[in-house]
Amino acid sequence: MLSVHDLTVSIGPETAPLDIVAGVSFDIAKGEILGLVGESGCGKSMTSLAVMGLLPQPGPRVRAGRVLLEGSDVTQLQPWQRVEAGHGRMAMIFQEPMTSLNPVRRIGDQIAEAVKVHDGTSGAAALLRARELLELVRMPDPAMQLSAYPHQLSGGQRQRVMIAIALACRPQVLIADEPTTALDVTIQVQILGLLRELCNRLDMAILFITHDMGVIAQLADRVAVMYAGRIVETAPVEALFDRPRHHYTRGLMDCMPSRNSGARRLPTISGQPPAPGTVGAGCVFASRCAGVREPCRVASPPRTGVANGHEVLCAFPLNGGVAS
Amino acid sequence: MSGDAILEIRDLKVSFRVRRAGRKYQVQAVDGASLSLAEGEVLGIVGESGCGKTTVGRSIVGLVQPDSGAISFRGGEMIGAGGTKLREMRLNVRMVFQDPYASLNPRRTIGDAVAEAGDINGFFKSRAERSAAISATLTAVGLDPSFAARYPYELSGGQRQRVGIARAILPTPSIVIADEPVSALDVSVQAQVLNLMMDLREELRLSMLFISHDLGVIGQISSRVAVMYMGRIVEQAATRAVLDQPLHPYTRALVAAIPKPDPTKRILGAIETGEPPSLFKRPPGCAYAARCPLASDRCLVDVPQLRPAGTDGRAVACHNV
Amino acid sequence: MRHDGAILWLKPFVARPIALAGLGILLATVLAAAFAHWLAPYDPYAIDPMIRLTPPNAAHWFGTDQFGRDTLSRVIQSARMALLIGSGVVVFALATGVPIGVLSALFPRLGHVLMRMVDVLMAFPALLLALGLIVILGPSVANAILAIGVGYMTTTTRIVYGLTLRLRAETYVEASRSMGAGTLWLIGKHILPNLVSPLLVQASFVFAFAQLGAASLDFLGLGAPPEIPSWGNMLAESRTFITRAPWLLFFPGMMIVATAFSLNLVGDALRDRLDPRFRQVFGEKG
């Protein structure tokens, strides 16, 4: 459904570009959720904006690579141009729904507006569809909520409204950028459940971006781990949690408190991620890696397939937790 | 339990007046919470946003005025205290804030921030003593003493939070109130800062009130935990007991909803959690009744009180467990 | 790092030639005022009936007035009065507006009373307020400063009040309070240092508008005494000669426009410097 090849997003002048996303590739099939996980500044949000065709202007730009939607190249097209060219549809939801909703307009009107844009239907029909969408996102009492204002809803309900608006264009690909980070855990579990259900029912491809390994384990079918603008490991979710092959992935899992409760100290990853532009030759993770060897510092590591659908960007990948 | 308590909170009530759509509302942020913190203990307070956990912490350091109740430090009442007694308490009970970006003044150096409590209260006798103390404290939180001359914008989030911790331990207090100190940090940095807090607690023999929405973090650092819901404490017990065998239906939902980092144990669709009621419209009985699978008629009218349940000072506020 | 800070402050000027031009005009005015005695080719008070109302020529670049006084010398001399009034108004507006705004924000009850009084003053047009005060106090340079200053005291108070309310809610201010900081500590260490930059911008705008206010008062004969050269006085004296000797109005008029305009340019550049979005762009490049 969605296929990203060697995507490179850069800032700075043409002559000396700084790559904040460097050669990212992944595919998402219909009915599949790909979890893109990484820490702040690793380039995961930039990747999603580039895929969506929504990079802020002026600023970062796609310097190389392609984004294919159902086989059509949409890399340089804005979302509406993609729709006009008949290349299929993508929608996006964000972390803070309040900033994306108009505070002085009723929920129903805001959803209906999105419906009108995409379906070309008018007044009553659009409102009817808005109500269907609210039912689809399992909003309690949808008929009533059509006339509510955003501030009258809870954080979880607002996120449901955002999902409803995103669904108005009948997207084939939904990009969710940390949609549950601002929510309480009891609400988060509901929204995650909803996304899983919608993915299955509507046969959508979902790119789910998060920093939370727990959320990834709960929701994703496959996982891409991102570090310093690169995807360092891709694997089916069970394989990744069962046998992380990249030292960074392993480090991220180890330092989660919930995997360690009772331990006196948490394992940590020393140091900090490199700033864009400070990446020299060699592996981007070399300076923080527990299993670093001499070649890592001089040559970029190869992308190796270690098992079916399991790739790792490491010259000396972990083997079941022990360096090979 | 109260024999060796260093901090004791009894029946604390805090309310805020809020204006919404032209009407005035009274929001009861904390509705009769009682807690006691033993010497050297880390007590966690866990709950969702708006449950009043932060307000409890802010009441202790005097940032909000409680309506009623008592907060005593080493047996001395803190609410309404003044003069040298208040000064002593201020230096002894300190707070670490959530947002490492907002909690440092962009126009003041790191050194000034770290020394602020000492400067306010005339703690340093000379400039040399002051700068030595700043250096020692920065070193203690894992920062180079040269950071003293820098400004916050030059620091990463993790480094800023270390400064926030340094500010809370110079001069060394007895109690640190940590309000979501790692929530704004990345996982790998979060682990570093948690380790630092555990080390400092041991070295400086601090007692700690650790406020968080994240039971994983609470489970790591605290020995006992109080679960708050809509301004009340609904369960209080040893952390392990709460995580392994939650009693209150709300605690059970909270524990069940933690996204476990194990794809073979998926919970999506398996649990029903409901939405919390609005803070403006507090239900008459148990505030959790509308979401609770165990709720009976009694729960709708009668507010359950915290009562002992089992051993280890475990307590729970529910009619049905 | 302080060194870097200075460079950052200059950046918005370097990046925009028009702002740099504004800064240039401003500096020229200050220099003219400081060295008026040496710069002026003639004594600005010297009367010479032989050369009444000569148009600009090689000897008198800006021409002469109805008493034969050299216009260029008088324009240069007038820069003193312009800067005196401008800085006087800025000092007055800040000296009153900052304490009223800060205290009103920190003590809500007091603020309720003070800010309503400020609101009442703001309801009057600035010039009307100034005229009224001059009528009561009598015309003089000091009273002109006071009369114009009251109008800008209100806007300054409003700005300071709003900023302080926001600063008061900052986490670092709360952290300071939780450690027992008193009001004086909060004001001195946290609030005032964060007010400096926005007040610098406000000061440049007040200075610019004070020029216009002073010129208006002078023109109406309610500002500086007529014997002291000022651009407004020059306009007032020579307005009857507008058709016969337009240069008499042109040069002082130009100076009023130029100083007010350049101060606005400088103010804009300073405000951009303080806009976080703008700062980010520079941060990335630098």
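In order of appearance the chains are A, B and C, and numbering begins at 1 in each one.
Going forward, a contact is a pair of C-beta atoms (placed from the backbone, for glycine too) under 8 Å apart; a residue touches a chain by one contact, two chains touch by 3 or more.
Here the structure is a predicted model, which is why all the values come from computation and not from measurement.
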| item | value |
| --- | --- |
| Chain at maximum distance from subunit B, centres defined as averaged CA atoms | C |
| Maximum inter-chain contact count - chain pair | A-B |
| Gap in Å, rounded to a whole number, between the CA centres of subunit C and subunit A | 52 |
| Inter-chain centre distance, subunit A versus subunit B - centres from mean C-alpha coordinates, in Å | 32 |
| Cα-centroid distance, subunit B relative to subunit C, in whole angstrom | 50 |
| Where subunit B touches two or more other chains, by residue | none |
| Subunit B residues touching subunit C - in the complex, by the definition given at the top | 61-63, 86-87, 90-91, 94-95, 97-99, 102-108, 112-113, 116-117, 120-121, 149-151, 154, 164, 167 |
| Residue ranges of subunit B in contact with subunit A within the complex | 48-49, 156-158, 186-192, 194-195, 198, 213-217, 219-220, 240, 243, 253-254, 256-264, 266-269, 271, 273-276 |
| List of subunit A residues in touch with subunit B within their complex | 39-40, 140, 154-157, 184-190, 192-193, 196-197, 211-220, 237-238, 241, 251-253, 255-269, 272 |
| Of subunit C, residues touching subunit B in the complex | 1, 170-182, 185, 189-190, 193-194, 196 |
